[in-house]
Structure formats: structure tokens, C-alpha cells
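Going in written order, the chains are labelled A, B, C and D, and every chain counts its residues from 1.
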């Protein structure tokens, strides 16, 4: 295990140190550009709502994009909570910049709602709701996912209260002050934050699991007759974990490259551990895909084979291959080697490939489902529907919304410091560089 | 889901594909290849008389099923008549469904055998090689028609029958799986005879014991690749369907549904 | 000329460290010095040099070999008896992938274990050793030529050795420590 | 987090090697009793060879029974070892130290118990051995690699061999210790041979540390693959209730659930039997219980997926299978017992700290979990065969026979005897590892509080 950056430990000696938000001026070219593209994305969304209200096919690519955000940006904060639950010391510098992604993810809710509204009736087709018909699927899914997003945002806010209260945050209105729980740092308040963040984190994981199961079934599986795969929600979740870690790696790399506030705290320790996680999830991805594929191939039930023809073998072959390479082939054969996992820039490169590949994977999973007309019945899908390529407005939509995500992230990171001051201090307090006899060694305290 | 499909254009089309359509040349027939042995079962004609069951029992040296064997559900019968009751007592109807090995093209039983004990031969028969079988019984689990039977003990016959076994058929020892072979011994004999008399195996030359014994000609055996055989005719009829079609096993046994207009699927009421 | 081995016993890891440094200052190469302990001390606790090893290459080699063997067996096993089962192709990749995977992994494991044995220089006929090490004493062995032997021994003593032994046994008057 | 035993190395060794070097009375009585049970199972097995399988509970078409259920169960238990030792090694969890070896030993013997069952359930082991070792080359025939029953041995033997080697590599330093501690010449000779002359040079210790990490990282993928492949024995078929793509991860996490529980049980028993207070502390059990809470909840989620996507297709046979699982069978009480014992009782209890830290409670709850998990395997395997297709005429019931019960008990006896024998002849407590823990554990003063801390490279 690599040792932390000296600066991270040196904080202890600098009581004056305060985390600062990103220094991004409105005139910054990148920032402004992202803003314009984000506006374009919003316009595209409104146009789509106005023009094609409940034509499901026109929401195919937006849905794929939403699923992509669900598995990248909405999953990224998990790493923060997991390292917090397992007391992973390497995670201190990246917890906040991971948690910040829960705010951009919040916006993708705007895509979910209209596309949920276009779902056909549940009667006469397989669905997770069986006989139950009250407010499903639309309302139930919207509710679960909404809960999840709110929990994520609340968690992010909660864990950044100490910094906001102490830092030079430019929103000190009465509302803010109440949102900051009149933070004074009393023992009780600290206790509250610690326990609340733990439980909210666990809650968030569960909501993610249930919510993903719901939406992936209602907007994916149940729209293609004969596609019956119990592992599919899990596959979606795990590929999401991988993409989430990838997002964090890219964010970490970019921030430590361009922001002097963060650079000193990010080092090999983060690279090594994030790389390890990425490798683990890459392997798991393949495992979950294979567990799905080999069974369908072996049992050869016509209905399942037809579904596989659509998703993998025949109709959406190209997005599938692109996704497979991006999610598994390229990353696996790169990060299996230690030297790659020690270099943050290499990891960032691989992660970019993973994020893009993940998008292609979502396309091949949800575009056929959302654009499929013959949704009723159980039997094999015949004839196979044709492939739906994105048109210009789809592409503009995707580009605009991707930009919107980044834009919102930067905007938030300007206000809320992307590095968690109090947790950095805690980490510095719990770790000491000492010497054991003649050997250089790390001392880790594990408070219970 | 119902396993008995109403005869739609789709099922007719499927039946056509079963029949294969293409005729085969004299040479192929002389070579003995190019057959796809199949059977058609006309539910409309079946009276449930069990003659086929007995015939099969004697032809293939299947051990006698005493009462105890039946009660403990270990009775071996390569072909069985499934009986489903329909309606309530005063006007209850019995529906009969003869089930035998379907000799599937995509047989679920074949690939799961670790010892190659069962495989698909070039005439489309799902053959069981007794001396390769090691008794894992995986094939019996995989078979959706439950037509594979396990020998829990060495077969025994009363002395009167000991010397009346069919010499063309192996007596299966304990610990192995056995099942319907479409009376492969008769197929081979017919081919030998044809070869000796320098003719070809014509439709109707071969008849397995069950077909031979069927009093109502509900069972018909023949070559599905021969477009003029009775079986192909049946396969092309708009009454044709396959058992458990949704499993995609591609059976060689074609069932002809009851003509009775208000017939309901024999497998929709459970625990018959 | 033949080199002879000396083993110095120390109560404190720190003294052992002194001994190692002393020997290094006295001009003995690090390759001739070894530290024996019955407890894994963190690396560098005695100021010893970093251990060079090639353990990481073993699993890759093993995986490669295992996979090749697996492919060979699988293909030949299916070609040797080309029977159609369940309408599946003769060499059915998805079906045989599992075995291929296991072959790869067992290759990796076997080679890693071989690597561990090899890299920790085992098995070796037990060299100069002392039972007291298991009681927590630290041993420092030095292989030196006849004429350097005295110098080595002095260095070991100067670092506070409670006993110094060679193949014949203890060569230092110091009484055996309590609990030996 | 946990206070390490602060004894000097001699006491450590004496306490840890005590059972190995001196035999208490109960050892003979216990092993004698267990061997009797195992003997009974052996008698049943021999008579199976002679009479065939007629007195087992099979019927047509329920051709797999208790033996396969037990096979799956033991494979599941065997997943404890690698999960505990490898995962905790990789995460450098301090509480792993006394636990690892015991877990691995449980793995080794439960795997062997598992391998027995496919061999005997066909009634002709000499033929069945052909899966694993194709011995009749004359026919030029090899096993059919397309069959999951050939994937099985490849996976299981890979796992068995790797685990044994894993244990052996980690055992080297302790063998060296035992060599120097053993009094009687026989033991000393054996240990000297086994220890390969391990002297504890700094190089050897270094390689030990790296090997631990490396082997763990390699064995983890094997560990995942084993139970997945076992699950595919069922799932590759098109049998309703078996053919569900979620089976592989569902089996794996269920295996971890039952396996880790079994390890906790074993640890508690060892503490009581070998008087290891101070080495196996409440903190170890506590930490494992926390792991169990997470694992069990994940398992519940996958159970939900299996259930909902089983019924998802709304195929009649599938529905019948689930009806059979829940209401049917010889005893309709199975389903409630299963879910109550495997989740509803244990997990809420584990949420209570005092329960997590009490040996008695943990003993009971972990036993309960494994009862439930055995039933789970029963419910996964058997009802699907009792309701195999929509041809309702062949519906059947499986009534297990006495002989199968005896065989199941015998397998339990076999595993316990095996673990006991291992503890008798080899150091089951990783003394060197525990010493390292004691050496590296320290405290960090923060204000008035001194926090337990560990030194780490």
C-alpha cells in the first residue's frame, strides 16, 4: 500500500489551512463553452417534450443517456461512502469530489420523467409488477429514483456542512445558515454527521439497487418480449460501479492537474487503490455478462435467443462490440499490469474509454427496448426489429446533456470545496509517519 | 403457457420446415443417409388403449412394472399415455396424449452428458449408448418430456418370460438411463433387407412396435425428409404442432390436435 | 577460498540493526549478511537492503502455459470424437470456456507457488541456525573468508550479541541467556 | 480495534500449539463418535454399490436428491475459507489473523466432502470417476467438455489444489516454529521435512508477505467461478425454476453467507475446545458478524431477483415450481423455516452490538443460518424436478429415504473429523501471523484518548 502524500499529513501542522472551491471564472473558455452546450441540451429536452410527447421511440436515446448517468455519475458517490464505511484511509482526499457528482446526477431526473410517461400499459406483457396496477410503473420508478437522488444530494450536503460553515462560502443567507444546522462543531453535531452519513450511505446503496432493478426492467427488459434475465439488473449495477470508479478517476486526474488546491493531496496512494477497484469491477463486469450469455446460449429457448439476437448477436452488434471493448477488453488487458495501476494519467485514459464504452453498452440495451413496437406477449420476438441509429437531434441532446453534467459539477465545485477539509484533517490525525527500528513505516489508528 | 398451439399459419410454416421440403436422391437413399426419422401422433385418433405401451415393453425388453413400481413412480415405459381429465364428473372427458422420446434436433439431454452417452446420429435419432452411460441422470433432468428412465436395479422377468426376450435389443443393467430408440433395431433391419434386395427403404417399410400395434393408426412412422411420406403429410397439416414448442427443442414427433372444435389444451388443467 | 559462517544472536531488533550496519561499514557485502527472525519484521527494520524478486512474472507465465494446455486439450478432445450433441457446434467456444478458464487459473496458481518456493530459496538444508531465534531473538549471519572471520566476529560482538555461534557451536563465553 | 494478545512469543506458541503437541481426553471420544457416524455412511455407500440406488428416495423424474443438495451445500461452505482469508488479506483487515487458517482448513475438508457426493450419487463411482479422470484411453474417448458435469471437476479440483497450496505456503513459517517447539523426535522430523528448512531470513518473510497478497488475488476469481459453475449444473438446462441467469451470483453470495457463518461457528468451537481466549476475541466475531450483515442482505436481494424473475415469465411450469417450493413438498413448512432461519432471525440480531460480541449468541445464529441455507439448496434443486414441465402428468414428489439422511450426517462427521485431525497434526493457528500482529499493534494518543493502531508498511 502506497503511502499518502506528505501534504495530506502536513495539514495537521497547519491549523490555518482551509479547503477552497475551484477557481473557475465565468469568463473561463471551457466553463463558458460547457454552459452554452448545457443550454443547448436543455433546449433539446424541451423541444423533445413539446414535439414528440409520448412517442416512445423518440425517447430511446434520452433513456440510454439517463441509464448512463445512473451508472456513472449517480454511482460515483458510492465510492465515498464505501471508503467511509470501511475506513479506507486512501479515500479521504477523493470523498468529496466523488460525492459532488450527486448534484449533476440530480438533473438527469428531468430526462427520466418524460420518458417514463411514454411507457405502454403493463397488461399482456411480462413485468415486475405482476398483477399490481396502482401507479406503476411510472410513478413508482420516479419515486424510487427520486428518493435515491435526494438521498445522494442530502448526503453530499451533510458531509460538507463543516467545510461550508467554516470555509469562505458565498451563500450565507439565513436559509443557508439553517441548512448548515447553525454549525458550531459541537460533539453532538459531529456525532450526528458521522452516524447520519453512515446510515444515509447504506440507504443510498439499497435505493440504487432497488431503483436500478425497477427502471432497467420497466424501460428495458419488459419492453422486449422474451427477454427474461434475472441477472440483468445486477449487470447494470456492477457495470455502473465500474463506470463510477472510472468517473472518479477522471475527475481526480483533471482536478489535481488543473487545481492547485487539490494537487498536493492526490498521489500514488489514490491511483493504486482506485486502480485496484477498477480492475476488480472490470473482472466482475465480464463475469456478470458471461453468466447471462452462456445460459441463454446453452439452454437455447427461442424467446431468449431472439432477445439475444437483438441485444448482442445481430441487430445491435456494433454498439455491443464497442461497449464490450470499452468496458472489458481494453481496460482489462491494460490495468492487469501493476505499472499502469500506479500511474494516474494511464488510469484516467483507461477510465475515459470505460465511460464511453459504458454509454455504448447502455445504447445497445435500452434503445432497442424503447424503440420496440411489439411489446406485448411472452413469445419469441419475430421478426426482429431494425436497428435505430441516433439522428442529429439525438446527438445534440447527448452532447448537450453531457456538457450540462460537467458544467453543473464545475459550478457546484466552485461553491463547495472539492476536497473535504474536515475529513482530510481526520485522516491526518489518524495517520502518522513513524519509524519502526530502522524501517520507515505508517501508523494507522482505527478508532471504533 | 399452452403447449398445444391452435393451428395457425405459423405452425403450418414450422411444420413445413420440419418436413425439410427438399427431396432426396436415389443415391442418398441407397447410401442410407439423408433420412430424418419422425413420427406423427394423431390425438384425434388415440383411444388411450395402451397397446403401444405393451408392444414397446415386449419389443424392447423393458422390465415388467409391478404395482409397487408404479406406486413409487419408478415404472419404466418408453412410451406412455398421459391422461388428462376434462370437465366435472357427470360429463367428464378423458384426453389421451401419447408421449415418447421426441428425438429432438436441439435435444436438451444431449450436451449435458459428460460421457457422450447420448448424441444425435446422422439420421436424426437421439441415440443412447448404454455402455457409455455412467448414471449421472443429468440427461433425465434436462429432458422436458421426462421420457428418460433410470434402471434402479437389474431387470427381472418371471421364468416364463426369461427366454422370450427380444435378441435384437440389449438388456440394460442397473445404473444406466434408457429411453425410446424409435426401435432402431427395426430401422437397421429394414435398411439391411433393402440393401440385400437392392431396393430402397420405402415409406411404411419401417414401423416401430408402437406404430405396428396401434389399432387406430394414430401413430405413423416415417421419413420427414421424404416429402411424400405420411409423416411429412401430417407435419404439413394445419393441425400439426410440437409438444412444448416454447422450449425450442425441435422434436421429430409431430402431434395432430383434436378436430373437436371446443377442444382445450390438454396441458392447461394441472394435476390431471 | 572457502567461506565460513557466523551467527550472532541479539535480544533487540535495534542491536541486530547495529550489527548489520557495522558489518556494512566493515566492508562486508550485503549479500553475505542475512537476518534471521521468527517474526516477520517490517521491511527495512534492520536497515537491510530491499529484497529483489521476480515473483510477479510467475503467474503470467503459468497462466499462459495453462491456457495453451487447456486449448489443446479442449480442441483435441472434441475433434477426437466429433459427435453432434444438442445441435451445438463441434468446437463450442461458450461451452468450453469454463474449462479453459480453470486451466488458466490452475496454471497461474501452480507457477506462483513454484515462484514462492524458488524466490524464498527453498528448500535449503537448514543452514546456520539457533533454537533461541524462535524465542524472539534476532540472528545475524555473516559469511566471511577465514581471515575476515575475526573482524566479522568483533563487529557482531560490538553490536551487543548475546551469543555468537558457528558450525561447531557457541564460540563466545557469554552464558546462555535465560529461557533458552 | 481489537486488543492483540500482549503475551511474549513463548506463551503465544505454547497456547497456540497446545492442542497439537498434547492431546486432551475428549479428543478420542469425540473422534470415535464421529468416525462411527462416518462408518454408518460408508456402510450405506457399500450397499448402494451392491443393490443399486433402489432404496434412495429417487423417483421418475426426480433423479437428483439429497446427495446433490448436500454437494451444493458443502461447496457453499467451502467458499468460506477463501472469502475470509483472501478478501481480508487483500483489505489488510487486522482481525483476519487468527481466522484465516481455520477458514482455509474448513474449505479443504468441506470441498472433499462435496466431491464425494457426485461420485457416489450415480451408484457406480468407478464409472463416475471418469468425469474427472478419463481413464479408458483405449476407446480414444475423452469427457464431453460441453457438459457442465465436466466443468464441475475442473473447477472444483482447481479450487481444491489452489487452496491446499495456499494453506501450505502460509503454513511454512508455522511449520518452522513447530519444528523448533516440538519435543518428540517424530513430530520434529515431520515438521523439519515439511518446513523445507525455512529459517525466517528477511527475504523469506518478504516473499511470504507478497505471496499472501498474490495468491489471494489469484484464488478469488477461482472462488467465484467454482460456485458459478456448480450453479450452472442446474441453470444451463431449460428446466423451469433452474434456468435463471441470476443463479451464478446468487449461489456465490449464498455460499459466502453460509460459509462465513460456518467459519464463525468453527472459530467459536475452537475457542472453547482449544482454550484460545485472548486470541479469538469478541472483536473477531464482531467484525465477521458485520461482514455477515452485508453479505446476508446482498443475498436477500439476489433471492428477491431469483424469485421475481422466476415468476417474471409467467410460464405455468415456472409458477408451479414456485408453488411447490413455497407450499408443496413433503413438508410445507420448509419455506418459512428457510427464510426465518437464514435471514429473519439472525440479521436483526446481528445489528445488536451485544449479540455480535457474545459467543453463545453468535454460535446459535450462525448454526441457524446454515440450517436455513441447507434448506435453500433443497428448495432450489428438488422442486424444479418435481414440477419439471407443463406436462402435469409427470408431476412427482421426492421423499428422502433414511439412507440419504445417514449419508448427509456422515458428510458432516467427515468434515468435523477432518478439521479436528488437521488441528491435531498441523498448527491450525497462524502463530507467525499472530506474532506479527502483536509486534505491529500499538496505540496512538489523540488528546486524552489512546486509539488502538497498527503499523503498516
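Following the convention adopted for this analysis, a contact is a pair of C-beta atoms (placed from the backbone, for glycine too) under 8 Å apart; a residue touches a chain by one contact, two chains touch by 3 or more.
Quick caveat, the model's predicted, so the values are computed rather than measured.
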item	value
Intersection of the contact lists for chain A and chain B	C, D
Interface with more contacting C-beta pairs, comparing B-D to A-D	B-D
Farthest-lying chain, centroid of Cα atoms versus that of chain C	B
Core chain by centroid distance, with centroids computed from Cα atoms only	D
Whole-Å separation of chain centres (CA-atom averages), chain A against chain C	44
Between chain A and chain D, centroid-to-centroid distance (C-alpha), Å	35
Separation of chain B from chain C, taking each centre as the mean of its C-alpha atoms, in whole Å	66
Of all residues in chain D, the ones touching two or more other chains	141, 143-144, 146, 148, 150, 221, 232, 236-238, 314-315, 440, 455, 457
For chain A, residues contacting two or more additional chains	294, 298-301, 378, 436, 439, 441
Multi-chain contact sites of chain C, meaning residues that touch two or more partners	41-43, 46, 56, 81, 85-88, 92, 95, 98
Chain-level touch network, classified as line, ring, star, complete or other	complete
Chain A residues touching chain B - in the complex, by the definition given at the top	298-303, 305, 378-379
Chain B-facing residues of chain C, complex	81, 83-88, 92, 95
Chain A partner contacts - residues on chain C that touch it in the complex	13-14, 17, 41-47, 56, 86-87, 94-95, 97-98
Residue ranges of chain D in contact with chain A within the complex	1, 91-92, 94, 221, 224, 228, 232, 235-238, 243-249, 301-302, 305-306, 308-315, 440, 442, 444, 446, 449, 451-457
In the complex with chain D, residue positions of chain C that touch it	34-43, 46, 48, 51, 53, 55-56, 59, 73-74, 76-78, 80-81, 85-86, 88, 92, 95-96, 98-99, 101-103, 105-106, 108-110, 112-113, 116-117, 119-127, 129, 131, 133-136, 179
